[in-house]
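To keep things simple, chains are lettered A, B, C, D and E as they appear, and every chain counts its residues starting from 1.
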């Protein structure tokens, strides 16, 4: 019997909940005995270290992990690999990526770029006068946060300076950044705050779809819901539905279920004949892909409609 | 018996002179020397003034820093909206802190009840008013669980609610599957859940029903605490539990009622939060417990119980709201906002302590 | 004066008989009726047994549920490693809770100091021992800040540390730029920072220096608390601050020393955490404050101060560690782990209260 | 006549400390029963057992002939039993008036009181002031003053006034004059006699022999956790009482009652 | 001879309540000075002002002729001034021995004590037991017992024993016998006289006139927040003292000292 582990950042984010469901289903299908672990909150390094140790102690053949801090976990991951486990980073790469045997991830920066490009194209010439609000995750500025934020800005055509720092840009089109904790309540409050700074905001980037839904409520309460572009990242089913209903203009869909099932397959292969998965050409990770979902496609950026998106969405 | 010769008909011999003793009530002239100590005295006798003054000062300060926009009726009403949910939690928290307890589970109860209401009304098709009532009942049950553990098992409130916080949080994730219920689905299935999101405008200000609800909750609780016997008992329990018990207060019953009422207020806040946020999200208000405690202590309610007015918590919540809004408008980083709130807590309570010092 | 005739040479007439009064010290036979009450009595007189027993029972229970793997020397030593950092925080927290305080900032101090050590040693090239000493000084300064706010400004500890928690957290994010320092960089620049990650093996068990450090800290603090005057003063302050002050204890100085010592222990834990985690992550241990409090209360130290043994906190931390490890091994979802820890807190403290009830 | 209180074989242990050791107790209708004994003899413990403030380990308590087992002092209070505790049992931050009325507040008449349950503060304050004046506590400067700002003796006055005002069955006073001045003590003794005149029996714990011999109808002497004997103050001198309670002399062979 | 304590024009207000109203105070070497007065007259307040437990708003305090302004009772204690507070100031959860020695613990001799600062518990317990036995507190069953398990009177005994054992300059006792039994009170009075025989003056606040007249060398009568007069117990009767302190009679015109 093959033992394997899945360690996610938290158990509260639907993205990871879905990833876990996908992995559990794939494991069952492959006859793998999967244990799942999670941190309590984003950034809970200690819980993840403990989880990896438990996996080593229980003799896991493979570990799938979404590192909550891409730099912090290196030593324990090295231990796990030394103990003979295949370690695959899901969703978030390690820094450097070769800490793990393989990385199956969304290119978060790319995801941001897509929605940035879409928003810029949608505005056309007006993009030069856009007023942009950025609704980020939290004060800690973890990698998904700055990658998506920076990707969006770059896609929109703004110089992002230090790519790992949020808010160091000096482009006058940026009205401001605020944090949302990735949920609706935070999204709404942050949107309200930024509207107070400049009521003319017409482009809103959001870290994820719940934050976008919250931002939309704030816009709706001041009657601005129809003339502001809201873009987001994730591709959860409620988010895609929101694209269909015009709440979100466009979102970049990622594929947690695919990451999970690919991960399980890789562990099975490793356990059976010792082969390791290869990275996508030109990248230091295996790109599980991003798709832009929008019902208002623009030329030059391939996208799916929300109806098609609903068939691929993850939760 | 000759030995008792020292005793007259009325006690010991030397007590005979008491007939002639003075019977006036003592009176002394009152003088307060410096202006500062006079101010201190006035505030000491009206402790709710303190948070009010801090509030006014912070309003003025941010008005200067962040400019006129800050003072617009719209922005001020927005602060009220943003504060409304934490304000209601602070009302619940005040009740408990007045009994010398602390409730780390208020936000967990609130979110759990909003998830229950949403699941029932949106996913299971239960009529909204009924779902809401079930949520209220759930809030009271959660409060009763806290209250019974505290009174019957005699656990300290901090520990009890540290435990139930985990429990309610786990239940919340389990029931919701960590998924939000979308705003649009609520609009379709159970718009009544969003009742408190409705608003009206007066002179540029946008007042939601949720804001009104918050004020109503505070006024009602203030009345109960100050004008009824139950309220006096709550204060007495917070002041000295053993003395309250011995002097004839049904402390256990009162305490359980306090926790149930707090649970109910949380459930009401849960309903109101649906109107405020638009959707129902199991992830929101994770820091709500600490935020509510912050509001309460900034409002001058003693963590040792028995002292302070619940209205202070309202002002405390407003002060935090004004700070956050003002700092954002002034373009301060989130990082430094956290920093500033830390100092706000310390300074606001330090001022409060200085006022109280008069009697120490 | 004839009036005083009732008084003899030695006080009142009726006091003359006192010469003949009984001078033995009172003695009564002692009987404990039921077995249960006898057990209760034994435990009552040795309160530290309670967490030990809970620990043994949970070990046995998880041994049964999770099977032999759980009982391997390796896994048991792993639990020790996993517990070591929170254990040290719990030691610091115990000191403060014994004075009837509470410190919401322990984990924030720890992370801030590890970030400072890392920045100095890895990024600025300060020699490691020097960087570590600066971190220790920083920990003591942070503790002193808490202590001075509590004693001089007379803020309640909960509020003080709620405020400083925000402040330290913001400083931490600012200094680190929210970036972790990578393990490889530490290995290259300042391997001494990882000293406590070193380990030796005895019979399958892997004991890190960090685990030894935790035990040493507990033993040292236990000695200080129980065998020195300072320790008695700490207990007296927690018991009744005013009485301690009046009976000649320099309460302010002692309190500040307690907070500084706790800050130092946090800084030491910060150093040890670099060895444990391998890297320096400003985001880690966000829940460390509540976890340390959980360990302390499960260990039977009263939140009201003055009662309990610091060794209890060690066992409390171990109990939580055993629970988490056992539940993980038994394949329980994080969700239900949270749920179980909630109940663990409630049940462990309920047992403790039952034991204490004997004297109530 | 059935005794108002009858307790038989009460035992109370605290860990290894025996506070009450198979003690009996009896209070007869209309009498003032003084309880005397050394410090730590168990006087407070036995009266607390009677009024439900502690629950005895063994033994039986009858009130007016009916067995009772109170689980809290509130039950005793509901029967009209009032206690002045040695620790006073006042809420420091509440006003004198609030303290006098805890648990039996007066509500406003009419709608406000009935449906909104509003308290009638002026009425309570007036009553409280009257009671304090009766006790001669003239140094109290304001009736709205929190109790924590009163001197030790003033506080004791408040507790005594409360008990006297509300008792209907009997009153237990645990050293009610310990912290009181000469004048105030005298007032309390007068008050005790007034209460007795209203037909309400009183249990008075005191270390003040002149006071005890002045007001008591019977004296219960407590020693080493149990009742040593009860004596009639008319038959024995203070010296005898002190000798019995300190173990200097053997007590008289006791008759049944 | 310079007075041991001399205080002039002390004022202390609590909000609207005046506790001390321009009061003077004087303690002479080797004497027992009794302080009497109604409840709430301000007796505790004035002695607290003298020993630094409260800081007066106005006025001047001289100890052995030197002006002092204590900011905490520890400073007074360091000068050899001991106080038995009305509230006792004991730590409930600590043992009797620990309480006796708070702030002046005995360390083990040699290395253990000097470098490891280890306490000498047996020595402290032995000393504590001796002191309690001297006071006749025989009902205390164990010296390691936490103070919270003692009766009110036993606690008072512990506080008195502590003060008597350690004072070198003078002792303030705020109603030290209030909760004590007949036997224990007697022991305290004897102790007071022993202390005086050691040359240490004592300030004794008490409501017990026979006690006051038995031991006092002078009596300070406090009324409405200030010193009304001081009298010599040999020149006046108890009735006079009570009459002065309650306002029933005008005090004698006071001579300078």
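The rule is short, and it goes like this: a contact is a pair of C-beta atoms (placed from the backbone, for glycine too) under 8 Å apart; a residue touches a chain by one contact, two chains touch by 3 or more.
Predicted model only: the values in this text are computed from it and were never measured.
Between chain B and chain E, the least number of touch steps comes to 1. Shared contacts of chain D and chain E, meaning chains that touch the two of them, come down to B, C. Centroid analysis (C-alpha atoms only) places A farthest from chain D. In whole angstrom, the spacing between the mean C-alpha positions of chain C and chain D is 44. Centroids of chain A and chain B (each the mean of its C-alpha atoms) stand 38 Å apart.
Each chain gets one centre point, the mean of its Cα atoms, and the points for chain A and chain E are 72 Å apart.
In whole angstrom, the spacing between the mean C-alpha positions of chain B and chain C is 30.
Residue positions of chain B touching 2 or more other chains, listed in rising order: 3-4, 6, 12-15, 18, 21-22, 26, 28, 173, 335, 338, 359.
The set of chain A residues that touch two or more partner chains comprises 11, 41, 139. Touching two or more other chains at once are residues 14-17, 40, 139-141, 149, 182-183, 209-210, 224, 237-239, 242, 246 of chain D.
Across the assembly, chains come into contact as A-B, A-C, B-C, B-D, B-E, C-D, C-E, D-E.
For chain D in complex with chain B, the residues that touch the partner chain are 53, 72-74, 77, 83, 85, 87-94, 98-99, 102-105, 107, 116-119, 136, 138-141, 149, 162, 182-183, 186, 189, 210-211, 213-214, 237-239.
Looking at the complex, you find that chain A touches chain B at residues 11-14, 17, 41, 138-139, 167, 176-179, 181-186, 188-189, 192-193, 196-197, 210, 213-214, 216-217, 220-221, 238, 241-242, 245, 247, 315. Looking at the complex, you find that chain E touches chain B at residues 13-18, 21, 40, 209-210, 224-225, 237-243, 246-249.
Residues 11, 35-38, 40-46, 49-51, 53-54, 57-58, 68-76, 95, 139-142, 164-165 of chain A touch chain C in their complex. Those residues of chain B that touch chain C in the shared complex are 3-6, 13-14, 102, 149, 153-156, 158-160, 162-167, 169-171, 173-174, 290, 293-294, 297, 302-304, 335-336, 338-339, 341-346, 349-350, 353, 357.
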